[in-house]
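Both of the next two complexes hold chain A, though its partner changes from chain B to chain C.
And then the complex of A and B:
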């Protein structure tokens, strides 16, 4: 029971972490708290669902389709709607992203109705038995792929020229301009890439959660908690925090009942916020934009 | 003597409050020009106009024969203008090496190895701490890194705002030697803003004195150095 609970938590943690990276980076780089972030998870899940229905494509392979789709959505929303308002006021960006969220959810209700859907694979329901512990293949694949995509995101930010330009802009926008970096372009790219990574998480989520237009709302709460736990903008911090969050949830669910998992997770959030406002794992990295 | 940079009738403001009035200024090709003046005179504002961070409300900014007044800052470095900003403005969360490589961003890092070797040659202590976060450097190391970062852009016009502020004299001497070398060996045109007027007019060929947003004197550096008004107003404090 105890071991199985740990395994359950670890298997879910990756997806929560991956779903949070984009939110956390957008907050860190641009100071935008994107309330439409959950909708990106939802859209990624629907892309996986549609590709699965039409082409019989495996939901994990659907990431290759969902990431470009979400990149375009994230890029266009950033450049057209968020770049003009992001440096005026936090309140305005909250209102705008809330509006975007409503529009995206409603659009999906119009297209797909509110019916709950699911993606099935040949290996759904099959598990690897390690002694008394059961490891469902779907969850194992989702966890491994989450960490893989997160690692790629981390390496992109830290090892590529464009990633360095993103970090530089986050740290000091004006100094970045002096290097020849165009902030508006960097913001568009950050919005697009963050949405793409989130879309990948949505594909993974399609195998784990029932799919509906409001799927994102369940995620947004978790994403908020994990961002604050992990430290704003920190990819490794967010991944670790994703695991921590999922472990707490798993234990609450096993020992207190499924109804308690959210309550316990959010209580943990409040405690951390009071005791360690910089997050459990996060070093303060980002400068002006995040504050 | 031709001027790589020329300002004509430049005015600038932060919102409603005007800080520069009718500025005529030139940086002659291949020379070092000093810009001095008391706190709040507008030196940094003028550097921001030249680097493109502050849009002038009037006047022309001629660089290499073209009016660049409307060219944004991010496009100016590609044309050959690099600024070592007041306060250094390193990317604190990135390493020394990452800061330096960002200096070559506008050149897409082409030939950056050679430029890096040049920076290490001037500032060997930076090479040993290439992986250290810039935010953890000492003041002197920070200024070396900031000058190195600007060198990586291979500028034709190098703007340095407050080179010596808060640094030990031995460090200041080395930084000054580096600027002289960039000027002599590469022919880099330099504009130097300095609190230490003595130092500035010693390094420079020409000088400008700014007072409450206006140019009040300009001329050959030694002429200014010997001018009793300059001596009284600025060097009394500087010495």
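And then the complex of A and C:
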């Protein structure tokens, strides 16, 4: 029971972490709290669903389709709507992103209706048995892939010129401009890449959760908690926090009942905010400096 | 006549019209106006914490839900109606005080998402509490024995009364020591501290006032619609719409949020009546459009246009005066 709980937590943690990276980076680099972030997860899941229905494509392979789609959506929204308001006030960015969230969710309600859907694979429902512990193949694949994509995102930010330019803009916008970086272009790129990574998380989520236009709302709460826990803008922090969050949820669900896992998660959130608002790995008020 | 005298006279005239209207108009417009007053109070509540103190309480809808559930539970327990409304306001203020003590130490983005998380936490708590709150099934309220026509008019006046009271509170606040303290800490918290403002107490008081307003109308709303569930009582869209009304009317002003509520709700009702199935999509487009096109609110825009028209007519001295006013405004 104890081991199974740990395994359950670890298997879910990767997806939660991957779903949070984009939110955390956008906050860290641009000082935007993107309330439409949950909708990106939802769109990723629908791309996987559509490709699965039409072409019989495996939802994990659908990531290759979802990432470009989400990149375009994230880039366009950033350049057209968020760049003009992001440096005015927190208030305006929150209202705009909430508006985008409503538009995206309602668009999907119009296209797909509010019905709950799911994707099936040949291996769903099958598990690997390691002694008393059961590891469903779907969850194992989702966990491994999420860590892989997260690692790629980390390497991109830290090892490529473009990634370095994003981080430089986050640290000091004016100095970055003097180095020949165009902040507006970097912001568009950051918005697009964050959405793309989130779309990949959405594909993974399509195999684990029922798909509906409000799928993102269930994620948004977790995304808040993990961002704050991991430290704003820190990719490794977010991944570790994703596992921590999922482990806490798994234990709450096993030992207190499934009803309590959200309450425990929110309590954790409040405690972290009060005790260590810069998160476990973040620098103090990194996001504030960017905004 | 000075500006504030003039707006007071205008407000009293509007109030007189609003007091007569329910005996003239049909039930449809009665319902629309009642909801205008309701969201107007929510916008005023937000105005206190956002407009004065500068804390972005995006999750203020939490108090709307707390008020609704307090009224529902107490009425089901047989409490008299006025007592239930008072309990709703008080309970919301207490919740704001208890959570405000730790949360209001957070600044900027952190406070904003902490308040959203507070709202989400309430949803989960009530879903899991079950029992007297009805949990996921929702909670019916006792049906009033009054005739519907009479009942809806009483609720109209309750909501109107709440809006007048909330606006009066904001007006008093704008003149009071606390109001000055809040505006000071909005500009610079450490600066206010140095000047001798007890910032922690001022912030918590402001949030409690904000919560009491929001919770009271949440309670009246629950009595009005007679059936509540978490998704409608703790709908974050409530505070989001209130934000837009505040934006439309002008943040931190006394009458701005009220004007914004009228403008928003009436336009929205007229448009959405035609397109109920894409209601949220249009709301989203509207939110984005307001921020993009009129981020400083509609009222300043209108008054500026009014000035231009007036100065074009009179020319000479008044043009120079208006130029000077514009120069000040734009600085």
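The rule is simple: the second predicted complex is superposed on the first by the 282 of 291 C-alpha atoms of A that agree within 3 Å, B and C clash if a C-alpha of one lies under 4 Å from a C-alpha of the other, contacts with A are read in each partner's own complex, and residues count from 1 in each chain.
Just so it is clear, a residue touches a chain if its C-beta (ideal position, glycine included) is under 8 Å from a C-beta of that chain, and two chains touch if they have at least 3 such contacts.
As the structure is a computational prediction, the values presented were derived from the model and not from experiment.
The superposed arrangement places chain B and chain C next to each other on chain A without a clash. Within the superposed three-chain model, A:164 lies in touch with chain B and out of touch with chain C [touch as defined at top].
When the shared chain is aligned, no partner comes close enough to touch A:236: not chain B, not chain C. Rounded to the nearest 10, the angle at the Cα centre of chain A between the centres of chain B and chain C is 90 degrees.
Once the two complexes are overlaid on the shared chain, A:182 sits against chain B while remaining clear of chain C.
Here's the short version: in the overlay, chain B gets within 7 Å of chain C at its closest Cα pair.
Residue overlap on chain A between the chain B contacts of one complex and the chain C contacts of the other covers 287.
Chain C meets chain A in the complex at residues 50, 56, 58, 102-103, 105-110, 112-114, 116-117, 120-121, 124-125, 127-128, 237, 240, 243-244, 247, 277-281, 283-288, 290-292, 295.
Residues 161, 164-165, 167-168, 171-172, 174-183, 285-287 of chain A touch chain B in their complex. Taken together, the chain B residues at the contact with chain A in this complex read 51-53, 72-75, 77-78, 82-83, 85, 89-94, 98, 101-103, 105-106, 108-109, 149, 153. Across the complex, chain A meets chain C through its residues 27, 31, 33, 81, 84-85, 88, 90-92, 94-96, 98-103, 105-107, 109-110, 221, 224-225, 228, 259-260, 262-263, 266-267, 269-270, 273-274, 277, 287-288, 291.
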